[in-house]
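Chain naming follows the written order as A, B and C, and within any one chain the residues start at number 1.
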């Protein structure tokens, strides 16, 4: 009597029993999708950046004009510089603010942890335009703050309207939830009892933080920094509506190339530079993450 | 032994550079309670998973009732299994959990109902059908897991340390119950455990594994009384483990020097004077008498010692003795032997055949 | 946990104040906008003069309905695709050993580190120039899915890490083939994660500007309508739009929260 069930012994059936094949069928669809619709387009703009635009069409004439313009014309460089400074500033501000907040939720949140952290993340989902609108209506010249001040007979605050400060505030407003989330997730896996150990060894709270908490959570911190830095560097909408006349950033100019002027080739080159800069920052930060020293054991999930 | 239901033929399985199972061959017959005994990392769980089909061996074959199932996936093998953490489906009731194997096999509703009732009745869980796993106690979960493993009347039941998560009282109870099921149902149980007492209580035959290698397989008494390797001697039963050097050989008996004491034991094959040996003497094979009036038995190892402590275990007691050299031995015997009080002088003796001697393994 | 000493107590108080301020910072503008949407006077709405005119105006905007439908379609498409790809990938990555695991995880998370605008312009030019696809809803769905799948991946991964995969092994020993195992055992125990991933991707695509804008051009979505209105100076209909979208997102998030709660408490997970 056959004890075992008649399993498909057709070639296809036997193929399916192969573990490697099952793994591939599960993980490859999405991977191919990303390769096709993210990686390939990104590579294509590298190609396009070497072409020309003529009357709103891309002409496949290979040249370095775009890059020459971008790298020599001081205007573009200024914008790039401004964006970089803005991104660094916003990242730092977000970091400084997000860390204590994430720390509190992770360590003392108890059973409210989930809801507390979701509450910080939720505004992110309401969409960029609406958030910028909201900030604009609070900071702008006829915004809440200034109107309140004038109503009570005080001077409106210049620096808050249509300035880089306003842009910075807006950008922090947009992206700080990411920083909180990244640091929070890292702290979740952090063994807070290690701080007790440090204290017993004679470390004062600040020293314990610098020597234990910070390094062990460095990887999560870097993820947060990158998650804030990259979008801020590329931001176009926020500076346009909050930055005022002098507040245009690199991203705004980049967006221009795909709008009125229709200079796609130049825009591609700008995009390439933006991407390259982001990549450099990511790789630079990645190199500071020494996996073994950050407490990551490397165990597979 | 009746015809083999399960045959493992030269199974080899490696994970990366480590050999988890190293050339293991075992036969299990129809009416056997068979235990796979070994410390953690010995490969016993891997072997069980290979039988179940959850792992594929690198070499070797698995045969069930004569059919080669080595390459068959687990869902084609029609086995029953009881897992260490029970692994009951948390989103299903007790009845649905137990009926799961039948549902997967597509039996008719009438047959399903009948088998389900039989299984639940077998483990005394009738009345708890609609409960969910998180509403059950450890012992109840255990019985659901058992019922689920047995409900489809598999040709073999695999058990992976199923009693490990139960408290001691419950475990003792379940050991007897599980044994009873096996006898009543007449199907082979393959039972993996690291607890040698458990294995000795429940099994007919046992296999001891160590680092992937099968040290010895046979009826349990044989492993207990006549261990074939030092590892089995150390692992099965509680033995005193001593190291010594052969000083002289008188035919089949070797005189072994142990820290200044002389031990007598059967000469290991191929051993000569000067060889180092591992010497095992089971604690219940040592006779302990007060020093005064102790005789001098011919052919016995005889050691003078001082009784340090008596640990009362109910039906027997462990006597902890200290020798002049500082070493300690454990002797098991009836509790409250005359004249044996802590700090009294005693004499230990045992015949040469009572000890198990093996050539020492490299340190 | 060890007892809290006075020094730490001050720290906790300080951090709590920061957290509170953060919530105010994040939520006040949102609530203010909702308040404004009901106010006659948008510049200095005190004392409050209640009106629904802005909502009526919004309703009558020609693009509004079309934008709403388009945004919903984009959201649904992106949510479904993202959740599907991410679910398959996470199951594959957690169940099977492979030396490509690390690389695949990096790949799936990489969209998070690419700015939206880059995704928008690159997919625009790639679709137009290479694939010869017109800018329409399906191509926008595809572009948004690249970003959504990364988020879906994280949401599903976070939940499935806590799932006891040995349950799947048990099911297989008892006769369930892989697909049946997923349906009978894995899915019932993990569906909150999948739905959560769907909802998150939906919201992100629904509200997305930069990716959708470049791919759609003239076809309206709610964000592009908002963008257009904003460009011409802030109009009160915008506040009504914002409030509606916020309400929708809020509803979805509450659903998400309760999903996660029941996922943690009731259904199976490894302690």
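In the analysis below, a contact is a pair of C-beta atoms (placed from the backbone, for glycine too) under 8 Å apart; a residue touches a chain by one contact, two chains touch by 3 or more.
As the structure is a prediction and not an experimental result, all values here were calculated from the model.
A.B. asks: Taking touch as defined above, what minimum step count separates chain B and chain C?
C.D. replies: 1
A.B. asks: Relative to chain A, which chain's C-alpha centre is the most remote?
C.D. replies: B
A.B. asks: Could you state the distance in Å from the CA-based centre of chain A to that of chain B?
C.D. replies: One centre to the other, that is 57 Å.
A.B. asks: Could you please state the distance in Å, as a whole number, between where the Cα atoms of chain A are centred and where those of chain C are centred?
C.D. replies: 15
A.B. asks: Could you check chain C for residues that touch two or more other chains and list them?
C.D. replies: 175
A.B. asks: What parts of chain B, by residue number, touch at least two of the other chains?
C.D. replies: 73, 75, 77-78, 105 - these are the residues of chain B that touch more than one other chain.
A.B. asks: Residue numbers in chain A touching 2 or more other chains?
C.D. replies: Correct list: 5.
A.B. asks: Show me the residue ranges of chain A that touch chain C in the complex, using the header's touch definition.
C.D. replies: 5, 19-20, 22-27, 29-31, 33-35, 37-38, 40-42, 44-45, 48, 58, 97, 100-101, 103-105, 108, 114-116, 118-120, 122-123, 125-138, 142, 144, 147, 151, 173, 176-177, 180, 192-193, 196, 205, 226-227, 230-231, 233-234, 236-237, 241, 251, 254-255, 258, 264, 267-268, 271, 274-275, 278, 282, 300-301
A.B. asks: Applying the document's contact rule, which stretches of chain B touch chain C when the two form their complex?
C.D. replies: Checking each residue of chain B against chain C gives 52-54, 73-75, 77-81, 83, 85, 87, 89-91, 100-101, 104-105, 148, 152.
A.B. asks: Please give the residue numbers of chain C that touch chain A in the complex, ascending.
C.D. replies: So the residues of chain C touching chain A come out as 1-2, 7-8, 11-12, 14-16, 18-19, 22-23, 25-30, 32-33, 36, 43-44, 85-86, 88-89, 91-98, 100-101, 104, 107-108, 110-119, 121-127, 129-130, 142-143, 145-146, 149, 153, 161, 175, 178, 200, 203-204, 206-210, 214, 223, 226-227, 230, 234, 238-239, 241-242, 245-246, 249-250, 253, 256-257, 260-261.
A.B. asks: In the complex, go through chain C and note every residue touching chain B.
C.D. replies: 164, 166-167, 169-177, 180, 184-185, 188-189, 267-268
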